[in-house]
Amino acid sequence: MSTEAVLIVAAALFGIGVYGVLSQQSFVMLMMGIELLINGALLALVVLWARVAGGNPQGQMLGIVFMTVMAVEMAIGFALIAGVYRVRRADITEKLRRLKG
Amino acid sequence: MIEGPLIDAAFFVFAAGAIVTGYRVFRTDSMVRAAFYLLASFAAVGGILVLLGSEFLGMVLILMMAGEMLVMAIVMVMFMMNPAGLNPMVMVHQNRTAAIAGIVAFVALSAVAVLGEFPDRPAPEPAAATQELGIELLGDSMLVFQTAGVALLSTMIGAVAIAGRRGRYGVAEDGSLEPPLQPDEEAMP
Amino acid sequence: MLTTAIFIPIVAAIALAVLPRIARQADERTLRAVATIIAAIPLVLLVVAWLRFEGGGGFEQVESIDWIPTLGIGYRVGLDGLSLPLAAMTALLFVVSIAYPVDYRGRAIPYLALMLFLEGVSIGLFLALDLFLFFVFWDVSLVAMYFLIGAWGHGDAQRSALKFFIYTFAGSLPLLLAILGLYLATEPRTFDMAEIIRQQPLAGAGLYATLVFAGFFIGFAIKTPMVPVHTWLPPAHVDAPGPASAILAGVLLKMGTYGFVRILMAMLPETWAEFALPIAVLAAISIVYGALVALAQTNLKRLIAYTSVNHMGYVMLGLAAAGAAVTGQEAAQAVALTGATVEMVAHGLITGALFLVSGSILARGGTYEMDAYGGLLTRARSLTGLTALLAFASLGLPGLAGFVAEVQIFAGTLAIYPVLAAIALLGIVLTAALFLRLLGRMFLGALPERWREFPDLGRTEILTLGTLAAFVVLIGIVPAWLLGVIDSFAGPFVGRP
Amino acid sequence: MNDGAGMVAVVGDVLPEIALVLGGVVVLLYALVAGAERQMGAALLALVATGVAAVLTIAVLADPQKVTFFGTYARDGSALWGKLIVLAATAVTIGLSAPWFRRDPRHGEYYTLLLYSGLGAVLLAGATDLKELIVAMLLSSATGFVLSGYHRRSSPSAEAAIKYYLIGALANSAMLFGVALLFGLAGGTTLDALDTGLSGGIATVVGVGLVIVGVAFKIGAVPAYMWVPDVAQGAPAPVAAFVTAVPKVGGFIFLARFVLALPDGAIGWEVLVAVLAALTMTLGNLACLWQDDLRRLLGWSAVSQAGYGLMAIVAIGQSDLAVPALLFFLLAYVPANLAAFGVVVELRGRTALADYAGLARTRPLLAGALATSFLSFIGVPPLSGFVAKLLLFLVAIEVGYTWLAVVAAINTVISIFYYVRVLAPAYFGASAGPVRVLGRPAAVATLAAAGALIVTGIAAEPFLAAFRAAALLIR
Amino acid sequence: MSVLILPLLPLIAAALVWLTRRRPAFAGPMAVGSLVASILLGLWAAATGPVLEIVWSPAIQLSLRVDGFARVMVVLVPFIAAPIVAYAAVTEPAGRARLLALMLAFVAAMTVLVVAADFVTLLIGWELVGATSWALIGHGWRDRANVEAGTQAFLTTRLGDLGLYLAAGATFAATGSFAFAGLAQAATPWREIVAGGVLLAAAAKSAQVPFSPWLFAAMAGPTPVSALLHSATMVAAGAYLLIRLAPSLDAVAWFLPAIVIVGLVTALGGGIVAMAQTHMKRALAASTSAQYGLMFIAVGAGSTAAAGAQLVTHAAFKSLLFLAAGVAIHATGSQLLGGRRLGRALPFVAVATGVGALALAGLPPLGGAWSKEAIVAAAVETSATLGVATLVAGFLGALYVGRFQLLAFGTGGLAGRIRRPTLTQVAALAVLAVTTVALAILWMPGLSDVVEGLTDGELAAGSAWEFVVAVGLLVAAGFVLVLLDRRGRLSDLGLRPSIQVAVGDWWSLPRATSALVVAPTLRLSVALGRADDRVIDAGVRAAARMAQFVSSLMARRVEFSIDGVVGASAAATMITAAASRRFDDAGVDGAVEATGSGVGLAGHQSRRLQTGLTHHYFVIVAVGLVLIALILFAAR
């Protein structure tokens, strides 16, 4: 379980997340992509904390912060999706292109 | 930190699980299934976190994601134009660009992993990560902690304000519009 | 006192704009009279300053307070033999332009407020002894003029105003960059003109100095304007109301040439000398080109506008000669510089008056097309007489202001750039041709039937134009009072022993 | 480090922030108990909270500048002035919001969110730690998303909010990875640690790049600028005024701190920031050119203004005037933005360019405010924007980025066109009829913002002197 | 009393005449009276030689002094002007006050010119003379042709004025002052520039080749104006200038020969033109050019004294001839030379004119003959060829003036219904005729020294054979004329009309000038004017089309449907490319506006980036990220 290996796993998760974010039409699926991005970031963070940053407790705290971000983004995201669905009946990005140019 | 072949084996299992399930999230034809794949991916990552000596973060991650996926499933059922959220569906665009971007991201970050100038500073043994985290949380990072608290509070207020259907004074969205250009049109509903 | 001269019209303008309710009750004539009186205060103050002027070669009557000392910015005003005549000419032209009757289109107050504001700003620009202050006035003048053209112009006024604004603002930004470049080279850092002139921060600075020079040059050349960046001028003039045109030609163009002397030649003399020949060539082109294009015009205002290009070319030619790196011809360089400065004043008065005249013609005939007129002498003797006088002044007839300027420019330049001076001389034949054609087409010959009732100038118009014409004649016949003041600046400036 | 006295001491360093937190809670409680007609009271309470916070800030303005909270939070001149600008902007936004949301029966908690959003910007301005960066950004963003979508019956509002959110989520998440990398490299999360720990290898490059994308989102710069016009157009107008201005204060000041912590010469951040500045201002300007919707135009103009602001970042660490330039830019930009949007608000949200014809005759004061704001954007003296632009050009030239100053100058010229496209009909055109306005609070707030442009432009010296004395600490 | 009074008196008189225009009766006497006063003043000035310096600035001092030949001119100018003005006062009904005022102003300007002792003052007088002549020639301004003739005259002479500007500048460059005094010490090449400038100015004013045709145009003015222009003012200024300055400039090797050439060409060419011309006043105008050509020859031959003498005698007889022509025209209403022969009808006028004609022809003992002999003597002294040529020129003079006299006032023509001259007109003629006769005093022994003294020049010692040859030629001319007259070929000279017209119209010089100078200038100006309206537009448009092509290629890819990376970079390229493109619907001119609309187009393009689709935005962010990393990496 080398540092590089874990980082590559994190990179893979991040890459999948990027793919998801760019390819998915549905807001919910988009958010899953974002989750995966953060997931990768979290994994990278923890391995760096354990192997590279000398177990600095700030890293653990940073992990909490990451998860807070995840939670907040999800919560706000769901609320906004609910809101936009209510006024626009829209659940995919293509339905929202009134604001442009 | 624990080392050894068993650990490596476990890591490979978790790693493979995380990546495969993560990939399956966007390769399944049902949103609900995707949600569960995502949960699985998170669980696998949680496992790796535990392996890395960060038990607390790993467990929190798994628990939090479990709850979150539940919400996600509900949202899907509630709002998606595919009412059951269980039917097969393919909803992708600019697939090739996305794939290229994903691969580029992966390659770039892998390059960072391999070529990166990371110093070797392993965590001292035995790791008391959770305890240190507690000290950090209420000590050095108190401001961060408090800020996060405010952020969570605002999130709650905001989520309720946006998504709540029933407000304190009747239907929540009533009157929540821009003012009309001529005030006489502004009869209160 | 200079500060008072600058700020009385500005304050009055703001007061007019802020207290419109009281003012709105007054009729337009009263308002105009009040504005004229206010506008005359700076003129009076500047006349007093003139009487107190000593001509020691440096800046006099300096008033200075710190403004933004953190950046070395101060409110500094003062005058010397260069700025005093220009400021006085500005004040005079503004008094006349404000007094000149014009169709306010129901918005007399904003018009007069803008004119007063512009007066203060313009005087301030000529008196500013701080680069920052200079630039502030520079830019503000653009805005005020933009509104004047846009709101009270005719034809495609908004478009012309926009073109004017964008074009000249585009010129002001290189200017700003150059000011900053110059500022960064000073030690200690300051925007104080006198201090910068003393420091000569860019002496021997090579490419850096050249870049700063280029910034200034572009900025001033657009404003002057020199060929080929003159194209904003004709539309702006054609569509502007008469008095605004007069100010534009009489005052705003001078800001460019004034900047050349006050900043470029004084602060980067080496670089100026290095580029003096190309500048002189450009000036000669401006002269001949401006005159030739003017010759082809059928529109009265466009014609006058292009003669501005021509006349500003004379100024630039004189300046190029005055700053050239030659030794032994300091006397000639002083003459060239004096001539260029006189040309600024003379052109301000003459062309300003000509634009006022064209405004009156438009008000009577409804068009600037010269071929629409003819034989106006039959009906409008004062108009014809004044126009003829101004036209002759503009073509450089002795006894009028233009000659005093041009003969000095040519004489001074000939010592430095004989060939260019000779080419530039062709300009005076061409201007003579075009002005004589103008007079012939519009005022002489047979009177077309439709102008049977063409009214002559009114009393206000005669009075105001007459004032300008009187100064044109005065400078033409006894220019010593003016030349002496200018020479007190020009002599030391070129290092005449 | 964990003793009680120390804790009290550090808590004393964040009294304004605490005032905002408590103010938010009070407003929330009030909103919950007050009746539908009384929701306006929340605005007053929020105003009081900003006032208290401002007083508390001013009280410590002269105190020694330091980094507190164990290296995570700066209380230096930059942060304090940033705080004051944010608080003033928040107060103006409250003034704009009160009449705007009058019909919304539950807009009490709106003010809580507004205060917390302001708080997020404040914290961002003071953050010297990556954790703090993330949470402050989160606070600022999360509230921003909600505020943008606050018109729950309005489809543009919802669309704006979700676009804002999606771009924000992506940028923030990307930033998390960058933060993880930087943490690993530096072995700590404080900027101090970054300053000493970063080397300049590929990991640093990627990490810094990801963080910069996150900050770029916050300040609306390339490559994460797309939300700005959408939010400006779709969000409730007071919110649009707020989120296109206030988060930038925090974002810019944090960015300045961040680049200060980067290894000198090891990575090309100056070039990067300069390129981003050039792209941002150019793109924003070009997109403005043919906008027929004033709010959208203002959004794009906010993008281009962010590009100008980045010029100051380029000079951070190399020019004494970089920090003053940045702060003055914010001092000029924020009120101008608020004033322009304020006019929109006061005119009941009218946004079609054609609707502004003849405004100078019907509503001369508002037309004046609009003109002041636009001329300040252009950088016409003696308005605040001119001094800002002068300083920005100055520092860019001083550190050798003359080309950037030239690009900015060209952009300024282009910008005249679209600003004048609004002003010319307003001043030269004929009005279509009577123009109804929203209410006095909005007018007062708008005129105050516009007035600030004139005052800070002419009396620039006290501010500049203060900004000169303001430190930008990372340890 | 200073020298300033000399020009001021006629100027003030002009103003008074103008102010009292409502009472026409006053105008004439006032004008003539002031001129008489001027004559007296001139005499006083000539005797005392007053000097005045006016300081304009350290570099410019105007100096006016009555010395040298100016002593003669200050008297001559008002003296000749007085009868002409008197004649004009009774002849010209339309705008009489204006005409008289302008004529007085003209005299004033000429006086300034005459007393100038530096180039600036000279320029003032010089240009004012030109401008006044514009107004005088265009006196009948209701007819635009007159105005245009005035314009032509003014422009031609102003072209020559450029020489004076050059001379002034060169003098200042060389000596640090504009005064004539230092001219002799001027260094080369300034000296050469001065010489060239002076020659140019003098040739233009004195209607020498190639500037001669302006005198024809000047005939559009009333006849008294022509008389004034041709005799002691305007045209005389050129010769006067040479008389004053040539001695200071003779260090310039080519200067005198150049003057000679100009003068000789004009004298011979002008003589033939005068011979061929059928228009009464134009014949006289051509003769003026020729006569001044003789003066040029004299100056070039080193005898300014001879030139000065010729100037004086010419002033007298030429004004006489013009007024006579005026009477003749007035009498018949026709401008043509032929078909009148008024000798019987107006015997006195015929006699008076005859005196003038004989003076021009050079019949001793008239003064004209004396000055002509002096010129021939100087020419012969220079070279024999020049002497012969000068004699030929004199022969031509005798021929054309004889032809003029015979055709206009010969016997055997009209006697019937003609308008008779008034008494004042006759008196004016008489004064001039008497003057012409009185100038025979020049033949008085010992007066040569006086002439030399007054002109600061020298006279060549003539020899007897020159005199004999000259008289012989005169007799021959008489024979030729009689012969032609007998055959009835006096008017058409037996030439084909087309040739006669071509030669008579100054060898078609006006048409050549029009085709080679005026028309091209106007065409150029119109072309430039048009070009200026759409500056360098073509180039910009071409560049724009290019950019349009490139960006349309790119535009197809911008839809993001395919690779977003390509799309984004294409959009970026397009923005740059479009920056120089032209925006079609603006319909505007000018390079600047083209750039402006190019920017505008870029605006449209950049808005297309903002598709409204979030996933496109994501792509932009992703691409941005990559670029950021690359820049950070590359710029290390």
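Note that the chains are named A, B, C, D and E in the order they appear, and that numbering of residues resets to 1 at the start of each chain.
Here, a residue touches a chain if its C-beta (ideal position, glycine included) is under 8 Å from a C-beta of that chain, and two chains touch if they have at least 3 such contacts.
Only a predicted model underlies this, so the values are computations on that prediction, with no experimental measurement involved.
Path length between chain C and chain D in the chain contact graph, taken as the least number of steps between touching chains: 1.
Chains A-B form the pair with the most C-beta pairs in contact.
Distances between chain centres, each the mean of the C-alpha atoms, put B farthest from chain E.
Among the chains in view, C has its Cα centre nearest the centre of the complete protein Cα set. Computed centre separation for the pair chain B/chain D is 28 angstrom, with centres defined by C-alpha atoms. Mean C-alpha positions place chain C and chain E at a centre distance of 33 Å. A separation of 90 Å divides the Cα centre of chain A from that of chain E.
Between chain B and chain C the centroid-to-centroid distance comes to 68 Å (mean Cα coordinates, whole Å). Counting partners per residue, chain D has 131, 135, 138, 142, 145-146, 149, 152-154, 161, 163, 166, 170, 174, 177, 181, 184-185, 187, 200, 202, 206, 229-230, 287, 291, 417 as the residues that reach two or more other chains. Counting partner chains per residue, chain C shows two or more touched chains at residues 166. The set of chain B residues that touch two or more partner chains comprises 93-94, 97, 101, 104-105, 108-109, 112, 116, 118-119, 121, 135, 140-141, 144, 148, 151, 155, 158-159, 162, 173.
Chains touching one another form the pairs A-B, A-D, A-E, B-D, B-E, C-D, C-E, D-E. Residues 93-94, 96-97, 100-101, 104-105, 108 of chain B are the ones that touch chain E when the two sit in their complex.
Listed in rising order, the residues of chain E touching chain A in the complex are 607-608, 610-615, 618-619, 622. On the side of chain D, the complex with chain C involves touching residues 324, 375, 378, 380-382, 386-387, 389-390, 393-394, 397-398, 402, 405-406, 409-410, 412-413, 416-417, 420, 424, 427-428, 460-461, 464-465, 468.
Of all residues in chain B, only 108-109, 111-112, 115-119, 121, 135, 138-144, 146-148, 150-151, 153-155, 157-159, 161-162, 167-170, 172-183, 186, 188 touch chain D in the complex they form.
Only residues 1, 3-26, 28-29, 31-33, 35-36, 39-40, 42-44, 46-55, 57-58, 60-61, 63-65, 67-68, 70-72, 74-76, 78-83, 85-87, 89, 91-94 of chain A touch chain B when the two sit together in their complex.
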